[in-house]
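Note that the chains are named A, B and C in the order they appear, and that numbering of residues resets to 1 at the start of each chain.
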Amino acid sequence: MTDRTATHDLAAFYEALLFVAERPLTLAELAEHASVPPTQAESILETLGLELEAGGRGLRLQRMGDEFQLVTAPEVGERLAGYAAREVARVTPAALEALAIIAYRQPCTRSEVDRVRGVDSDYVMRSLLHRRLITEVGRRDTPGRPILYATTFTFLERFGMTSLEQLPALSSDAASKVAASTGPDGEASQIPDAG
Amino acid sequence: MTDRTATHDLAAFYEALLFVAERPLTLAELAEHASVPPTQAESILETLGLELEAGGRGLRLQRMGDEFQLVTAPEVGERLAGYAAREVARVTPAALEALAIIAYRQPCTRSEVDRVRGVDSDYVMRSLLHRRLITEVGRRDTPGRPILYATTFTFLERFGMTSLEQLPALSSDAASKVAASTGPDGEASQIPDAG
Amino acid sequence: MPLEPVAILPGHAGAFPVGGTGFEIRLPIFEGPLQLLLHLIESRQLDVLSVPLAEVADAYLEHLARNPVDAPNLSEFVAIAAQLIWLKSRRLLPGELPPGAEEGTDEPDEDDLRLRLIEYRAIRDAALWLSARDGLAPLMPRQPRESDLPGAPVVALPHGLLAASLERLAAAPEPEAPPSEVVAREITIGMQIRALLDALSGSGRVILQSVLAGCHSRSEAAVTVLAMLELARRRQVRLEQSTLFGPILVKAVGARR
C-alpha cells in the first residue's frame, strides 16, 4: 500500500470517526485512535479537509484549536436553514407541558414532572435536554438523590424572554396543580447545592 | 448551471441534510426539502451514494425501503468497532436462520419462518423484534390476518450492508423455491395494501 | 432396527444454552428436523440433490432415539421420521411401487422433502454468511446534536404558551383514584396497536385526536398514544403535525399521498 492510499484510507476512517463521535475530538485523541503520531494525524486530517472541499461534498472538516469536528458545508447552509427552522420550531405539547412545569417550579425532579403530568416524561425530558432547553443543576438531598432540572438561557431565548420573571402568572388552579404535588422525593422547595 | 452540477449540488445538500437529520428521511421528505419530484430526488440520492462509494469516503448512503440515512463505510467498520467498543451479544444461529428467511422473503409471516426452518420460531422472533433487527410492517390479507415482518435499518447496520441488494444470492436451486413458495398463510408475495 | 422411545425435553429448556462460568447446558444439538437431516447427509458427504433420502432414515431414527428433542418441535421431528420410514419401506418393497413409477425415480413425497431440505440449506448458508458478519464491521449511523442545526433565525415562541399549557393540564379531569388493590389492566398497548392498525387499514391515515375522542377513559387514551408512539418507533407509521396543538396526522408508512 502506498503512502497516499494509506493516508486516504485513514482520512476515510477519520471521517467516519468524526461522524459517529458525540463531540469534537482532539488531535491527541485522533492520533491515538489511528495509532499514529500527532503530526501524521494532522496531515491525515488536512487530507480529509481538502478532499471534502475539493469533492464539493455537503460536509466540511472544522478545526477549533486542536479540536476537530464535521460540520455541514457553507454552500448548503441556506437550503438547510429552511429545514432547520421547521425542525427547531417543533415543540410538542408534551414537551411544552414538561417545560412549563420545570419553568414554573424549578429546580425540580423528573418524577415531579411525571406526577404533575400524570404520565411518564422520560422521553420528553431527554428531548428537552438534547435541545438544551433544560439542564441538570444538581441533586435533591433525599433518598435516591434524584437529579434536579432547571431551564436554560436557550430556553429564555427560545421564548423571547430576558428573565424568568417575565413568565405570566398562573391561575390559582394551574398554580396549585404545579406546586402541590410533592412526592416521595421530598420537599419540592428544597434547593440543593448546585455544586 | 449544467444538470450535472445541479445534481451534484443537490447531492451535497442531501448529504448535509441526512447528516443533521434526527432520523432516517423518506424519499418524499427528501424530495420536498429539495423542491424536486421524487423521481429526481431518487436520482440525486443515487448520485450521492455513488459519489460516496467512488470517492472512497468514510460514509455511505444506506437505503431501507423508501427511507435513507448516512452511515459509516464498511471499510472502516473494523477500526470503528474498536472505537465504539460496544459489547454486542452475538445473534444465535437459530435467530440468524429466522433473520435470513425474513431478509430474503420480506415481508413474511412467522408461520412461513416456522415452515422453512421446520421449527417453532416464536422465541427467536421475539428476540429479533426485541433487538429491533426485524419489525412488524402490517398484516397479510388472509384468514387470521397474520402479522408481516420485515428487516430494519438496525439489521443493515449490524451486518454491514447499505441495502438489501447486498445480500448474497441464495444457492441457485433454492432461490426460486424460497422466492416462490407459499406458506399455509397463502400467497407469500402478496403485500398488504397500506392505503 | 427396533424403535426406541424418543426422549423429550420440556419446553425450550435445551434451545437456549445457559452461558456463564463453567456452567452450560447445550441440548439438543439440532433444533429442527431439517437441520438434523441435512447434517446427517452432509456429514456422510452425500449430495442433497441426489441421495435417496430413504438411505438416511436409519441414521435419523438412531439419532432421535439417543438424543432428546424439545417438546414444541417434537411433532416436526416425528413427521419427518415417519416420512423417512415410509420412503424406506417403499424401497424395501419394490413390488409395491405404484404402476408407472420406475425404480430409482423420486416419489412425490421424496421430492417434497428434498425441496424443503434444499430450501433450508440455502437459508442455513445465508445464516452462516450473516453470522460471519455479525457486528464485525457494523455501519454506524450518527446521533444528532443540538449544534447540528445552524442558528437559524427562529421566531421566538410566545411565552404565554407555557402558562396555557399548564392551564390546560389543570383543566383536564383528575385521573381516577388509584384502585385500592392491583387490578389487571384492561387495555394493553398491543390491543391499541391493533386498533390503530385497523383504523389505518382503510385510507392509511387517521387523525390521532379523532381516535382519542373515541376513548372511554384517560388511561385508554394514554395507552392509545403510547401505542401510536410505539408504531412510530417501529416506523410503521409517520406522524405529522403542521401547527402547534394542531391535528396529528398518523400515516401508515408506505401509504400514498
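By our rule, a contact is a pair of C-beta atoms (placed from the backbone, for glycine too) under 8 Å apart; a residue touches a chain by one contact, two chains touch by 3 or more.
What you are looking at is a predicted structure, and each value in this text was computed from that prediction instead of being measured.
**Q** Taking each chain's centre as the average of its Cα atoms, which chain lies closest to the overall Cα centroid?
**A** Taking the mean of C-alpha atoms per chain, the most central one is B.
**Q** Going by the contact definition above, tell me which chain pair has the most C-beta pairs touching.
**A** Comparing chain pairs, contacts are most numerous for B-C.
**Q** How far is the middle of chain A from the middle of chain B, if each middle is the mean of its Cα atoms, in Å?
**A** Those two chain centres are 29 Å apart.
**Q** Go ahead and note the Å separation of the Cα centroids belonging to chain A and chain C.
**A** The separation of the two C-alpha centroids amounts to 36 Å.
**Q** Just curious, how far off is chain C from chain B if you go by their C-alpha centres, in Å?
**A** For chain B versus chain C, the centre distance works out to 16 Å.
**Q** Which residues does chain C have that touch at least 2 chains other than itself?
**A** Residues 140, 142, 148-149 of chain C each touch two or more of the other chains.
**Q** For chain B, which residues are shared contacts with two or more other chains?
**A** Residue numbers touching two or more other chains: 19-20, 22, 70, 72-73, 75, 80, 84.
**Q** Which stretch or stretches of chain A touch chain B in the complex?
**A** Checking each residue of chain A against chain B gives 8-9, 11-17, 19-20, 33-34, 51, 55-59, 70, 72-73, 75-76, 79-80, 82-84, 87.
**Q** Any idea which chain B residues touch chain C in the complex?
**A** The contact residues of chain B facing chain C are 19-22, 24, 26, 28, 60, 62, 65-67, 69-75, 77-78, 80-81, 84, 88, 90-94, 96-97, 99-101, 103-104, 116-120, 123, 135-139, 152-153, 156-162, 167-168, 170-171, 173-175, 177-178, 181, 194-195.
**Q** Which positions of chain C touch chain A when the two form their complex?
**A** 140, 142-143, 145-146, 148-150, 152-163, 165-167, 169-171, 175, 218, 222, 229, 241, 244-245
**Q** Can you tell me which positions in chain C touch chain B when the two form their complex?
**A** On the chain C side, the touching residues are 12, 15-16, 31-35, 49, 72-73, 76, 80, 115-116, 118-131, 133-142, 144, 148-149, 197, 200-205, 234-236, 238, 251-257.
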